[in-house]
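Both complexes below contain subunit A, partnered by subunit B and then by subunit C.
On to the complex of A and B.
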């Protein structure tokens, strides 16, 4: 309970810090809107040109896009410490001061960053979700709402977990490893479209290594009333849990990795 | 059992060099930051830890504060191994890095303190009492509502100290606390550290390059070089060993004739003399000529108008010592 309280207070303080520079904050938030709006425009153009991708209609595609945007930017909003700040914390030695406090490192890293500018990206995502669900005539029921919530939550954990790979490398090499971005940002770009449009290697990558397909596409297929790639209906509730699995494996590796931290000069 | 016990502590870093032309892999170099350091510190001691850049001072502090894990060796502080029981251990220590801030950059320092209160799980009552005490001792009242980024370096250092002492640590590490501070800030910082040490019995270990810090604060000094401990004891003893030069400036009413034209042959052996603006500057070693003899000699030569006698600047002594120890 105390940890949640600490997290909320830290967030409040970081927000205050961001608002110290109001003009910059507003400009950057609007810039994010343009950026994410542009991404959505790409989807609109694809739909305009092709009307459907395999068996997915235009509305379905908006739904997939929205699901990814909402999950990804909620993660960035609340988990900026891991998704963005960690490499520079290692390089600048700020991690040292976290190690000097009687709290878990991961808790403190999470408490050390937020990116409230992403609020506009989340808004675009929500708009896309609503649009997608309307265009696809989804009949909402309680299980579907629950699956959607589970899918978003688990996707957030998955994305956090993937970003933590970079953090773990960072502890060892001090420099950030861009390669991991193929999974995180690459995953975001690729998996805003349904997984079955991709060739086999990518399917394997995004369902085994970085299981976006399991946390997003399977439950989305269930919500949109499509067949679950030949799997029974109840799997829609189970597969998203893979996000939590990735997250907890990474937490374990992270805590192990931190023992090898070597700090930087004084 | 002593409060801090360090036994044969070793730490190495692997440094990857830039790849040389024509070679496939980068060469690795192993740097031994600490090569088996041992010492003990009693509770309530104020210990200075000096040595040239790269001697391993910060590494020792980082190991003893639980940030780094050593290769081998033992260290116990208050019965705990810093790097093994980090979370429990750091409740009892405070660390201030002179070149690194631990407070939040953009918010008023009072907000930082109140977040630290939550991080350390300090009770409301303890927090209030301790904060008031520290704010008064460090003269922070007027700064509490100012964001850290707007403070001057000296003010920031005071704010950092307050932040690192809120949880009443038994042990305080200071890594170059006076770096870049002006004279007034330095003095008030030293006064505060003395006060904290006396009032609460806080054990303080500080690394510094400022010898005045050591002379003013520390009852004991440890010298570190190339990852090894070279000296451990009183500053006075350390200086005596290297304090080998005295400078005398003397001015006579009328310059004595017995000095002749070229001075040095007429002085005791080993004295160097230069003449400038009617003043004589003499340099001698008290080991060769006792100071009393030197003074008697000068006095017998004529009527002295003005005279100063000083030992070499403390920084010169340390430089001489580093040189002799080949650092």
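On to the complex of A and C.
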């Protein structure tokens, strides 16, 4: 059984287990809808009051917001093991049992959780993307579709990588480190608006340290027919790859870190 | 009465223990605040609004400073409902609603003061337009503080209503997250209520959620005049009373029908 097959099997089983409590599941899914709807409402109200943000029109802002929601919640949907469960696995000593099995730790952690409630958040994100592309009159072409797919995929890897920072800290300190939230959830809040409106320190933070700007904003600007930082068109195809770079660096650090893992016992 | 006072003092001391969490919380809240203030600066460059940017910054910072007051919840009570040890609380010679009201009030008060005061001091030092401004007047500050206290009363009452739902459903996630989300949006944390469309504001400022932090902040920044203050404080007190009565009634109903989990 290869890794992908194992992952898909686990996902199937976890989905079934979530659906065992349909009433609770529906309630929570609706709660997610309200949450993401509330976030979108904030964007709608901002656009209603301010009309545009520097050179970005209201439609463009919907596109950026949608791109962030889709990427972030796809990650939470499929990577819940890393984005949510890991600290409690370390604290409870549940991680020990994974060490005994003949599979990679990371694979098993990824297989351990899913969050299907996020489906409504993704739906809101898709709606916002469609709305944004209609309002900004995007003329879709094959390269643009490819760039969009690449951007979403790479952003997911980036977000997964950033959440893994927390996991790596957690292996050493047992306690989950909330500071990393500034990068993950803070990044989500900040980068649902285009990066070039922010002052320099934030630009550097989200272009170099946590390169949301490279995986999302450069390709999105290309799709919207504009240019971020005045960079040439071909950069839109290259820069999203930074997401994969962050992810692989974090995988390496994670595998190093796990060698120092000391069980909490119990 | 003495029991309640000692519960209050105990929870205050307990909250003081978590200094590491406090620093983490402050840094996170500061970061979110800076991002929001930067966003509003950029928006104001595109189209300036009637409300000056300094007031928006002040609004954002005060919301962030007292964020803890809104989200702090009693984890013990959640666990007790889930594993059934809430049955012990039924044996205590105290009123259960008051007991938990006091507990959560101490937690919210101390938690937000520990984070809020350092944050307010730091944000005073930020450059003009980015940080927090001085209160509009001494009277405004005074009324704002009273309003903040009344807001705290409303917040604890809301928290207890949420808990009453949890006692019914036993699952803390569904209803709790729904109510909390409503709170984050309608209390002005996500987007200052002052930036909502003007026609909405008439309704929104009447809702209980606007009494939590929005009313105190507007009194502080002079958006509400001192002459309006008695009316606003009265509105807050009214909501606090209504919410507490709803909560007491709800808890009483729950107490009669309580199903204890576990064995």
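Observations on the model:
As a working rule, the second predicted complex is superposed on the first by the 264 of 266 C-alpha atoms of A that agree within 3 Å, B and C clash if a C-alpha of one lies under 4 Å from a C-alpha of the other, contacts with A are read in each partner's own complex, and residues count from 1 in each chain.
Methods note: contacts are C-beta pairs under 8 Å (C-beta built on N, C-alpha and C of every residue); 3 or more make two chains touch, one makes a residue touch a chain.
These numbers were taken from a predicted model, which means no experiment stands behind them.
Of the two partner chains placed around the shared chain by superposition, subunit C is the only one that A:28 touches, whereas subunit B remains out of contact.
Residue contacts after overlaying the shared chain place A:139 against neither subunit B nor subunit C. After overlaying the two complexes on the shared chain, residue contacts for A:20 are found with subunit B alone; subunit C is out of touch.
When the two complexes are overlaid on their common chain A, residue A:103 makes contact with subunit B while staying clear of subunit C.
Listed in rising order, the residues of subunit A touching subunit C in the complex are 24, 27-28, 30-31, 34-35, 38-39, 41-42, 45-46, 48-54, 177-179, 181-182, 186, 189-190, 193, 197-199, 202. Of all residues in subunit A, those touching subunit B in their complex are 2, 5-6, 9-10, 13, 16-17, 20, 93-94, 96-97, 99-104, 108, 259-263, 265-266.
On the side of subunit C, the complex with subunit A involves touching residues 21, 24-25, 27-28, 31-32, 34-36, 38-39, 42-43, 45-47, 49, 169, 171, 173-175, 177-178, 181-182, 184-185, 190-191, 195-197.
Subunit B contributes residues 13, 58, 62, 65-69, 86-88, 90-91, 93, 95, 97, 99-100, 102, 104-107, 111, 115, 118-121, 147, 175-176 to its touches with subunit A in the complex.
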